Amino acid sequence: MLQVDKLGVTYPGQSQPALHQVSLSLARDELLVALGPSGCGKSTLLGVLAGFIAPSQGRVLFAGQPVTAPGVERAVVFQHDALLPWLNVHDNVAFGLKLQGADAAARERIVADTLRLVGLADVAGKRTWQLSGGMRQRVGIARALASRSQVLLLDEPFGALDAFTREQMQQLLLRVWQQSQRGVFLITHDIEEALFLATELVLMSPGPGRIVQRLRPTFNQRYRAGEDVRAIKSDPAFIALRESLLHSLFRQRHEEAA
Amino acid sequence: DDGVTIAFQTGVDPSKVAQADGDYEKATGKKINWRKFESGAEVIAAVASGDVPIGNIGSSPLAAAASRGLPIQTFLVTGVIGESEALVVRNGSGISKPADLVGKKIAVPYVSTTHYSLLAALKHWKVDAGKVTILNLRPSEIAAAWQRGDIDGAYVWEPALGKVRASGKVLTSSAEVGKWGAPTYDLWIVRQDFAARNPDFLKQFVSVTGKVFERYNKDPKGFASNAANVAKIARLTGSKPEEVTALLPGNIYPSLAEQSKLLQQPLVKAVGDTAAFLKSQGKVDSLQPSYTPYVTNQFINAALR
Amino acid sequence: MPTTPPALIAVPDTLDFGNPPATPAPAGRRWQPQAAHWAALSIASLLLLWWALTASGLIAPLFLPPPQAVLAKFGELLDGGYMDATLPQHLLASLQRMLLALLAAVVVGIPLGIVIGVFPLARHLLDPVIEFYRPLPPLAYLPLIVIWFGIGELSKVLLIFLAILAPVLIATAHGVSSVSQLRRQAALSLGASRWQLLRHVILPGALPEIITGVRIGLGAGWSTLVAAELIAATRGLGFMIQSAAQFLVTDVVVLGIIVIALVAFALELGLRRLQQRLTPWHGQHH
Amino acid sequence: MPTTPPALIAVPDTLDFGNPPATPAPAGRRWQPQAAHWAALSIASLLLLWWALTASGLIAPLFLPPPQAVLAKFGELLDGGYMDATLPQHLLASLQRMLLALLAAVVVGIPLGIVIGVFPLARHLLDPVIEFYRPLPPLAYLPLIVIWFGIGELSKVLLIFLAILAPVLIATAHGVSSVSQLRRQAALSLGASRWQLLRHVILPGALPEIITGVRIGLGAGWSTLVAAELIAATRGLGFMIQSAAQFLVTDVVVLGIIVIALVAFALELGLRRLQQRLTPWHGQHH
Amino acid sequence: MLQVDKLGVTYPGQSQPALHQVSLSLARDELLVALGPSGCGKSTLLGVLAGFIAPSQGRVLFAGQPVTAPGVERAVVFQHDALLPWLNVHDNVAFGLKLQGADAAARERIVADTLRLVGLADVAGKRTWQLSGGMRQRVGIARALASRSQVLLLDEPFGALDAFTREQMQQLLLRVWQQSQRGVFLITHDIEEALFLATELVLMSPGPGRIVQRLRPTFNQRYRAGEDVRAIKSDPAFIALRESLLHSLFRQRHEEAA
């Protein structure tokens, strides 16, 4: 569905590209996770996919058409939340549907369902600034879920959540992804999260931002097959992979430092 | 028809009685919006904008405006200014003779007849105007500044004149300055376009004024001590009644017959002289080749007929 | 309804300036003076000082009329009037001019500000014009306004309008352009059209600044009102003050000043309330 | 040294208002018109319009003198003078008044603002006084100032001072009180005394707002300058404009307006540069 | 050194206390870690220790004296950084020493050493807003380390750091703590971090904020004895303890939800 070909991005006035020769593809049934240290170009990549940033080299296609602008088929959850403070929680979530002129009854049903899914049904009437950081992040997720997108682009969506809520949201994401048949592109720097969620995982490295490793973990499948989360995460295979990824990351940083 | 807007000032003259009585409205059959202004310069700006077709100004602002080519005409004289405008020096200012004016602060409303008279008087006394601090104050501000002792003297008219005379001494007046070759006049001007369209209105206006002047000139003392007259003038100008009584005889109010002659060469010359003098003082920067177009006795003559 | 008016200077009531640390309130606390009490005390002392100065004879009534004289004048002017109009009539004349000018400034300034804020080209072209006229003292171009537009209401309202326009325009342009890029991108990703973006994101996002601009503009408008009423007015608070000053009627001058201050303050309070009501998120941390 | 002056309206040059997305610059890009070019174009068209209007005879010189007449007047006034002083002398007189008033406002306003910002009690007591005088039109209390302080330089400078004081004072108080509590706590934890807290944290933290206050104040000062020079001045740009207007010398009026606009703009630019230099962190995200 | 006795804090206008009956003590050789979900009162507790917030009940003693105000003996690293943007990196770190009138030569030595320790020697001259989030956080840590404090109070100091830098900073903290003989009070919601660093660990719970569990982990000791970090963190004992703490946290949240 989304196709990235030898993508390069250089910010104005910078000598080093923020992204260099990045190729990717994302199908309807994939959950692609980008993992990497701060500054390796994850958000830049997402910006290109979303249509906020134009590539300097290479190209990005959605359903065969070049991506040149943001579009309703690619919903975004931002690293720092981008809610509209003049709308309450309900109206923020309903915003996309309203823009698209969705039928009111259908809209109300979708919004109510989504709010329930993210555990915010109680606070539907609250103003966004009356929420804690974690709640705000969930409103952002709900807003993307409620839209009629075919792809979800998420930039560290669970960063502000505590361990418990975080794990709940990870499970929710898996459920939504599975049911709605939307492709998901997720950015994180939590290795455990990346391993647990990804059908495909790309490890990125800075200077210039590029993909240095690709993996196809299967833990996500095991969860969907009914295995317990905690069991999966304490499985030696999981821990071994985690350690190996951490090791790659550390080697990267050491090389950089040298 | 919104009526006619007319700009007047607070100088003391008999026609204020006609104004107070509504005689102008009766004679012309038009609604008149009387607007009070503080000095001729302010009247001129209002007339220039076209909002005010008729205004009451002194000969000095007329000279300045005519030099700039403002399309106006003088059609009536309300007075040859005499005692009603005077240079008063404050008690305790240390000024007893003209030479003492050097280094002192004398206030006038710029462009006004008194501004011109002051400059002319200084020239007559051979006092360098550059050595006297000549301040631009509106009459009301002159009164306030005087109270505080901020100025040493002022050349001004009513109602401020009455206030400053209470604690000062008259050094000279426009009657004297006029004799020295720099006479000043209070005048009515009209926009030329208005004059062309409303000759009848102006004719009626002139004759109402002429009638009051006649009443006054018949018995100046009686007119000036008539309590009703005095009260009307005092209300319009903001002067004290006793000042009105004292100042009314200070000016000459020429009859329409006299005005018919005055509003020809004599006034044209006076305006021309004034303009030339102002130019020599650097106040205006160019002169008209002739000031004849700015003076007309047409409406006087019509009223006399 | 809030009971204390929002303060001019938005300062927290306890400031961490050294000791003691902010104490979470114990259950039953004693009566403590509030902001409003201090303000009342302050005003009362000012009035007392005023009264004492004049009563002692230290200052002549010509310079500063005693408070009771001003109060008496107030009663007199309520129906008696000054310069052929009662105080309410003067007030009404001034308010009409202000509101007309405000309306015009809002109708012209907000759309123009949006255009400037949204289209860089419009900004580049209009910036010099605005930069030029903004710092100009209204009194400086007053003579030109009179010569060009006469001495009627048009000139007066125009002068006030020009004073209000610049702050409204600049605040709107700034507000529009400082609407978070993130929010704009979010809306576009949710399928907003340009018009929807303007209507649902840019305008609400700029609203707090727009209202602030109107508040500042209104202040500038009051400052210009008196200048405007220099132009051959026959009614208005500014006209009343000037006429009174010409006759050295100081008590009317002082009364006029107090009335202007009170009315300006009331309008400002109203706008602040409006701002709180319309844009409750303004000043919130998120 | 930066080459383009900071713009009045701080708007990014590319705004994300729909397509196309911000493109990271390709290596060798073609010449593109810059903000300064558009501004020049805008000013040039204004001048051209002015010239065309007057040259066509549509507008009489009495109402709007042609640009070349104003330019000629400028040459004349450089040494010839108007109302017994040359243009530089008028300018100098006005600048002196402005700068004196500015100095006084800074010397009074900043410390007072700090006191108000730091001590809630001072704020409660002074707030009503400031609230009262702030919206007052300078022209409204001009008569009182003349009655109280006469027609000398004191009155003129005082009037300008009062206009500048309020913005400086309010901005300072607001700046001081909005210095992050976190930073204040951090300094206290590092052993700062009250005085050190003021000197090293509160003052630098409030500096950007203080300078903004001075900029706004200066604008208010210019607006008041002409009013101040209504008071029996013999020199000054405001005096020059008013006298010229009274003698209907419109070209001097227009010239005076242009000079004021240019000088005010130059001062504003200088202050913006100063602000950028002194508080480079201002407007940064962190 | 620091002694907390039956501490209670109720914010004005709140019905529920933010802290209730919290007792703690912190000695010179202790590294006390407070772990708990968002909103359980961790920052409030630190605020009281620092002297920013006065207790509603109970008392806090430092060296036997009641704590009533912030003081130089208790250095704070804030959850959101509190650097002074008008100073560059070097001057921010030198700030505390300058306030106390430290001798210039000594000051320069300490600042240079500290900047090296946190890996910021290169950027000493930069302005704080030119740094990435992780760098900023390290400047805050350096500023506290350089001060002449006897206790370090740290509020999620490593939240904005990527996995690699985070682990480096954890090790740095252990080193500094050991060498300088300062008591450390650290807040985190990362369970692994808490387990690895703490000599004493308190698990807090919200509504009202209180201590629900106390542990004395020994992994910190093993690290100091020379064992490898990665080895410690993948030790089954470590993982078991981690899972048990996670379990407590989850149970808490479920009870709350119920």
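Order as written gives the chain letters A, B, C, D and E; numbering starts at 1 within each chain.
Convention: a residue touches a chain if its C-beta (ideal position, glycine included) is under 8 Å from a C-beta of that chain, and two chains touch if they have at least 3 such contacts.
Predicted, not measured: the structure shown is a model, and the values here were computed from it.
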Third chains touching both subunit E and subunit C: A, D
Distance-maximising chain from subunit A - centres being C-alpha averages: B
Top chain pair, ranked by how many C-beta pairs fall in contact: C-D
Interchain centroid distance [CA atoms averaged], subunit A/subunit C, Å: 48
Centroid distance [mean C-alpha coordinates] between subunit E and subunit B, Å: 86
Averaged-CA centre spacing for the pair subunit B and subunit A, given as whole angstrom: 85
Sequence positions of subunit B contacting 2 or more other chains: 42, 45, 48, 141, 144, 147
Residues within subunit D bordering two or more other chains: 16, 18, 62, 143, 147, 185, 188, 242, 245, 250
Residues of subunit E engaged with two or more neighbouring chains: 51-52, 69-70
In the complex, subunit E residues that touch subunit D: 50-52, 69-72, 74-76, 78, 80-86, 95-96, 99-100, 127-129, 136, 143, 147-148
Residue ranges of subunit E touching subunit A (in the complex, touch as defined): 37-39, 132-134, 161-165, 189, 191, 230, 234, 239, 243, 246, 249-250, 253
Of subunit B, residues touching subunit D in the complex: 41-42, 44-45, 48, 64-65, 68-70, 105, 107, 110-111, 130, 133-137, 141, 144-145, 147-151, 278, 282-285
Residues of subunit C that touch subunit A when the two form their complex: 180, 182-183, 185-193, 196, 200-201, 204-205, 207, 279-281, 284-286
Subunit C-facing residues of subunit B, complex: 7, 35, 37-38, 42, 45-46, 48-52, 138-141, 143-144, 147, 159, 163, 238
